[in-house]
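A, B, C, D and E label the chains in the order they appear, each numbered from 1.
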Amino acid sequence: MTVTETEVVLEAEGLTKHFPVRRGLRDLLTRDHKAVHAVDDVRLTLRRGRVTALVGESGSGKSTVARLLAQLYGRTSGEIRLHGEPITVHGGRKFRAYARRVQMIFQDPFASLNPTHTVRYHLTRSLRIHGRAGDLEENLRDLLNQVQLTPPERYLDKFPHELSGGQRQRVSIARALGADPEALLADEPVSMLDVSIRLGVLNLLRDLKERLNLAILYITHDIASARYFADETLVMYAGRMVEGGDSETVTQHPAHPYTRLLIESAPDPDRLGELSKPEDQAGGEPPSLIAPPSGCRFNPRCVHAMPKCSTDLPPRFELPTAGHWAACWLYEEGAAK
Amino acid sequence: MKFLLQRLVFYVFTAWAALTINFFIPRMIPGDPVTSLINKFQGQMSTDAINSLYVLFGLDKNASLWSQYVDYWGQVFRGDLGLSFTFFPTPVAEILRQSLPWTIALVGITTFASFMIGTSLGVLAGWRRGSVMDGLLPVTTFLSSIPYFWLGLLAITLLAGPDSFFPSSGGYEPGLVPSWNAEFIGSAVQHSLLPAITILISSVSGWILTMRNMMVTVASEDYITVAHAKGLPERRVMVSYAARNALLPNVSGFALSLGFIVGGTLLVEIVFSYPGIGYNLFQAVGAKDYPLMQGVFLVITLSVLVANLLADVAYLLLDPRTRKEG
Amino acid sequence: MSAPTSTITAVTPEGPEVAAAPAKRRRLRFVANPKAATGLVVLAFFCLIAIIGPWIAPFDPSARSSDLIQAPSGKHWFGTTHLGQDIFSQVLVGTRGVMFVGLLAGLVATALSILIGVSAGFLGGAADDSLSALSNVFLVIPALPLIIIVASTIPSAGDLMVALVIGLTSWAWGARVLRAQTLSLRRRDYVEAARATGESTWRIITFEIMPNLTAIIASGFVGTVIFAVMSEITLAFIGISTISEWNWGTILFWAQSQQALAQGAWWWFVPAGLAIAILGTALSLINFGIDEFVSPRLRSSGHTRIKTKDGHSVRMRVGFTPVLSSKQAPVTPVVRREQEEVA
Amino acid sequence: MKAPVLEIKNFHVDYGLGDEAVQAVRDVTLTLHRGEVLGLAGESGSGKSTLAYGVTRLLPPPGVISGGSVVYHPASGDPYDVMALTDAELRAFRWAETSIVFQGAMNSLNPVHKVSTQMLDVIKAHEPQLSPQARIARAQEMLKLVGISADRMDAYPHQLSGGMRQRVMIGMALVLEPQVVIMDEPTTALDVVMQRQILAQLVELRERLGFSVLFITHDLSLLVEFSDRIAIMYGGRIVEEARSKDLYTDSLHPYSEGLLKSFPALRGERRELSGIPGSPPDLRGMPTGCSFHPRCPQAFDRCSTEIPVLGIPSARNDPHRSVACWLPGRTA
Amino acid sequence: ACSSGDGNSGSSGNNGSGTAATVLNIGMPNGPQTENHNPFLGSSSGASLGYRWMIFEPLVMINGIKPTEPGKPWLATEWKWDANYTKLSLTVREGVKFSDGKPMTAEDVAYSFQIRKDNEGLNQDAIPYGTITASGNKVDLTFTRSQFTNQNKILTVFVIPKHQWSTIKDPSQDTLKSPIGTGPYTVKSFTPQTTTLTLRDSYWQDLPKVKELRYTSYNDNNAQTTALANGASEWSFVFVPNVKAVYQDKDPKNHKLWFPANLGIHGLWINTTRKPFDNPAVRRAMNLVINRDDIFMQGEAGYFYPKVESMTGIPTPAGESFIAPEYKDLKHKVDVDAAKKELTDAGFKLEGDVLKDPAGKPVTITLTDPAGWSDYITDLEIIKDNLSTIGIKATVDKANQDAWFKNIDEGNFDAAMHWTNGGATPYDIYQNIMDGKILKPVGKGGVSGNYGRFNSPEATKALDQYANAADDAARSTALNTLQKIMVEQMPIIPTSASNVGGLYSTKNWVGWPDEQNQYGPAQPTQQNALQIVLNLKPAGSQ
């Protein structure tokens, strides 16, 4: 499979976010600016009608990328382009205009709906803010139908606590759709859901992509689900992109040692009983993001680490399969392994 | 360390703001010490005395508010709080030195006792839900809803009297001179019993309740179940796992209440004629005694701040999560 | 067993009977709480007295009569004062002032604490720092002395003034609690989600955050009312406040300045004090109710004692699950099931 | 087949009493054998944790055990029913014979006590005759086994990473060398890399110490890889029980089948994912008959009236597996 | 209450029966004290509890309830005023020693005046001192004005030792930790609660029987009353409501009180600038309906402030001799009909129970006093009731004390209970009420009297005449004029006399002043207290 080129909706270039660490009096004196390097120099492109998966372990900065893209956080540096136009908004009307086109779905369906409001309120607000309240009832029904909460009347006046996890997640999606966006940023939309419900939501997202021709960013740390639902997969490690490409290629022929570790570690029923450490794996823990390792951030844990890895930051190296790349010195010559 | 420094800045700011307010409030009150004094004597002091009193109190000179304010800070830093009007010309510092120990001893000890007793009962009530202890809650709530002065006066009427063990007023037997001998201390303790008991009755319920609620909340934490699963003795689970953790949020409440000891004793001291600082404040307000008022406020403000600092430190010591390495 | 792939599996809709029932149950549960219910009934009673007290009072509370310092009797239910005034009437008429000051001060303090606490918590940064510093300063300044001073500053203060003074000086604690809570709500996903939807800041504060603070605000309100009632009565009692109208504190002031207890006139002293204690208890009970409503863990469970296998009665407690004998191991589960379903 | 170490028979757990009681675990019979890893899977709310807590009588109120027995076979001595133990006996039994690792390690460790204190506590409670030095030595040894160096002993829980905490809990669970370790979703909060590290360690330790594990999760793919046998729960009942391989390749209950078709596989062919339609049952209003029938694509009349009994399926005739389903060939 | 201290410590009180008492327990409800024995300062513990009079003695002892009687020679053996009371010569007693053993001389007496002259803050009676000279045992003083009205104030000046005071930098800012005086007692110990005085070895008169005086300060009236009731306090000055039940009945044999009037009064001050109260007829009518018995019995517990009987407002018996012959029998009494007649004559109409002024407006009045002053408020409640009998609708406003004082000072009130100054003659009362020299317009404060803005040139003139009169005849003419104005115009409506009383117990000590033996007022904080202590004998010793 190759990545077919469709229209680019949203793209980010050199996206960087450093969270300042709370400073004490002593630091004021030392003029020492500490920060969490949550996201560093991230490039990504969302295309119409395609799902881009962003995988990586917990704390690698995936949610931060999504929030940067939704303009919920101000970025430290980098550029976000909507249909090729650089955009920075802080709030107010411009932010609304942006939110109309780029919508975000939050990770936790149990927390992202206000327990004091009904489904109707949530959806109505979304419609009203984006000026689609014209035929309110009709639109509300439409939205619920789109996310297959049918018949709509049954759900409109319910409070979130009266809905199951999957139903809530669907309401969240409906709310995002209420803005009639072009891009949907779904931050781990299923991680809190049970296996059987999970599938329903993912299928729904895929269906929406096809029907509404949305550009979707699908964030997860479940790499297997990325294989199934995304056209393209990007791998993040400690705030940086380390590998990207066609989902099937990335999951079946991982190039970066971290991606390999991730895939090795994922539970796999086909490897019955032979539970052991993946041979590639060096132990160790994720690095501190306040003082990230120099060079390749994975180098302290990497079994293939070379001296170069701890000094120089690896650029993206194109791999043989079209659109597949990895940021690892192993591929410096650009040759196949 | 860093944390403490941050707090310190906060304390310095709060102290400045509070003391500034303390400076302005008395000056907003209409009336002046002289008319108050005349009022107090209702006809026993002739109106001819007015002028002499103005001269006496040094109120005949007009200083601008700003220069008074500057003077005030100068005084605060020198520890010189001026001369009281009510007890002219006794220095305010001396009055405070004289009354503060009584307040701190009586209310400090009772607050501490109340906290200890209330917390222990709260631990039991929270640990054994639905037991007799738990059933006592409405009773203690009722007791704590009784206005303090009412309880105190009732206690005096019912319990104190010529033939009773409880003296009805004062901090010690009239005629005794404060000193560290058995007779005086015995008398002081005897005189403090009734006020102490009434304070205890009306304040203990608050502690029981907060501690109980914290216990109930903590008791359903996973680590309590784990402690049970580990087969630890019940007492150990209750004390070292549940109560230890439930206590944490109460520590700051306790420290705050320590801070309010000084300010909150007014009624106790009025009702029991106890020679403390709260009564000083009451007198000072009545007599427009700015210097004394400011002195009492200074003490109150500082004690609240110190108590807060203590709470921070205690929290730091008790809760390892707030400790930062390095 | 071949479900179509790649289609969305519709979630089986739940029966309509579940529709809005839980919400209603949730709301009613507060009232169903026995503590809250008791508190509400007593409070309602006092409110009623506050409204109709002056009309049902048998005497003018200030009117003198020749029955000086008389013990309770059929004519004077709570006895009389040194001026022959009817104490029962004074208590009835005095209820209004107490309730008015308590509720108004509670409202003022609650409004201020919401304004300051929620803004501080939500806005963060410099606004937060300065607003928290403000409330900390108000916390540090001891409330009662401050109230005494302010109350004695304002000439000819009526109930309204006293209520305002108490309200203006006692919001800091509530603001602190609300700020902490807002701070935790501010980062909730649903607030972020509302922002992402494009909601404006004030709408987020009023419609997303505030409804979730209802319980805290309510309990803060009740707490301030208690504090206000106590402060008002204390002020009247020590003769600081200037209210000309009757309230329970005024009655106690008179009783105290005439040394009612030393005179043996307990009836002068007891009813007002008891009324305060009962009102205070009622308000506390409502607060318990709110606490239990918000945090179900605090709800005292109905049955805590149960019978075990060997007939012993055992208390339910964490860590030692009781074992019941009532249910025998089902021999034919199928049949038993059916019967139960029919029943 | 190995000797049993824990036999759960006709086990019932209710939340609440009387009419309002929620029957969270119904008539569960399950045997854990010496040295094996028994996996327990099922979707959220199916009663897995309830069963684990119930077996050790750690259910919080209003949970009550309303029937059944849990017979424990100690390494030496006569078997006894855990449900009949007095409080004191129960305390002695806990941790020494059966220990538990709970889902969130952060919540399982008391945040205000040092790791060492919490570790030594349990040794002291059960082996009071041991000298303090011996206790410390034992604790250190155990922590080393789970890969935590001795100098981290005196750390507070918040100073350790999530993975380390979880390993401390596992070490603590093994410190008295119990026969049975119950693990309730011990790795769901961790990411896959860490999860694998810990499970690998656990496998090693099991080989060394020879305890049996009751492993609870709803991640079926993890179980298939990790455990010897798997029991599937649905609506408070065990609906299928089989060796891992058998279950993975040849599941008999439609629900197990649905579960297996719900998660995408990382490797191999892209499988079709059908999922399970519908939503989990409400324990208060359990469907009649087989509680899965409203969601079952193969349900027929009988399913909605009679509760199927767990038994060896006639079609397989394998004593190592059992299923509760009315479908032809699967009834006993 | 308190443990009776029958143990070994001899200092702890009078042991029950049997042995004669040596200690006298005196109480005052003035709150914790600070150590301050400076006799000049009203804020000192010595003044507040009254023990300054046990240490510092006056030149002449004047009976506070009979100020017109000639005083008893004390530290001065003789004194002589010149014709117009601008000159005074004193003969100082010889053989008097200060408590530090030094003899008291005329130098000390002169210094005692000089220090007042030099320090405005200490000259509380604003005496216009002229020259002060001492020679031999004589001291001569001159004054810049006639001191007829101040004569007692000057004669009762207490004497201080020059050798101590001349070393004090600022006498008004010194707490005088070791007071030296000529009195029979010295300070033994001080605590904020209790000051103990002990008897000196020698004294210029016979040593008193009371070996030790124990002054205890209670925090409030309640505590003081309780102490009195249970015998912990044997002598005090405090308002006790329902005194019979609360105090006397506790020990009817021994619990005594005596509250004679002195020359100062309490009454309803009326703002004479406000309509219709500018009309004397209205004020007179109001006076006619006010029930002083109720005020005395209910407001003043039947003893505290005695009734003012005479319409002239002069309290009796203290002022008996001043009352003009035509008013000798003119006593206050309630007479509603007479009041109504006064009003009708003045053009007022009583319609139903509403009084309308000649313009047809209903008459209403606001009676105001600070909320905390329960006796005044009680009085106002009674007055309010009384006024309703002639159709005046009164409301009682319990004001904030400071605001109230300001309003009184600036004349922003209808009517209020307030006191007057007091002194040796009724002059102080009348001067305080009607002096036109201190009259300020409504809205302007800083007045030291005439709060009712009573404007009567006639009264001002009479007051002036009285103060500067050359002989008694002129003085009584002036005073009679003032009484006439008082009776006819009623600028204030007197209700009660101020008192100089006390409550005491005869259980351990006898010899107290009372109705039969009126040698001095029974108030422990008055100068006469020394006389009383000198007069006390252990009970049962006679």
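Quick note on the criterion: a contact is a pair of C-beta atoms (placed from the backbone, for glycine too) under 8 Å apart; a residue touches a chain by one contact, two chains touch by 3 or more.
Here the structure is a predicted model, which means the values were calculated and not measured.
Traced through touching neighbours, the fewest hops from subunit A to subunit D number 1.
With steps allowed only between chains in touch, the distance from subunit B over to subunit D comes to 1. Across the structure, the highest number of inter-chain C-beta contacts is found for B-E.
Look at where the CA atoms of subunit B average out and do the same for subunit C: the two points lie 25 Å apart. Measuring from the averaged C-alpha position of subunit A to that of subunit C gives a distance of 45 Å. Note: centroid distance subunit A to subunit B, computed from Cα atoms, is 55 Å. Multi-chain contact residues of subunit E (touching two or more other chains): 222, 226, 370, 401-403, 406.
Chain contacts: subunit D has residues 53, 58, 60-61, 87, 90, 273, 275-276, 279 touching two or more partner chains. Contact of a single residue of subunit A with at least two other chains is seen at positions 164, 166-167, 199-200, 203. Within the complex formed with subunit D, the subunit C residues making contact are 1-6, 9-12, 14, 301, 303-304, 306, 309, 316-330, 333-334, 337-338, 341.
By the touch criterion stated above, subunit B contacts subunit D in their complex at residues 129, 220-223, 225-234, 236, 240-241, 244-245, 248, 318-321, 323, 325. Listed in rising order, the residues of subunit D touching subunit A in the complex are 43-44, 161, 163, 190-193, 195-197, 199-200, 203, 218-222, 224-226, 228, 244-245, 248, 258-259, 262-268, 270, 273, 275-276, 279-280.
For subunit B in complex with subunit C, the residues that touch the partner chain are 10, 13-14, 17-18, 21-22, 25-26, 28-30, 128-131, 134, 138, 141-142, 144-147, 149-150, 153-154, 156-157, 213, 216-217, 219-220, 224-225, 227-229, 234, 237, 256, 259-260, 262-264, 266-267, 270, 281-282, 285, 293, 296-297, 300-301, 304-305. On the side of subunit B, the complex with subunit E involves touching residues 29-31, 35-37, 39, 41-53, 55-56, 83-90, 94-95, 98-99, 153, 156, 160-162, 164, 166-178, 183, 187, 190, 269-270, 272-275, 279-280, 283, 286, 288.
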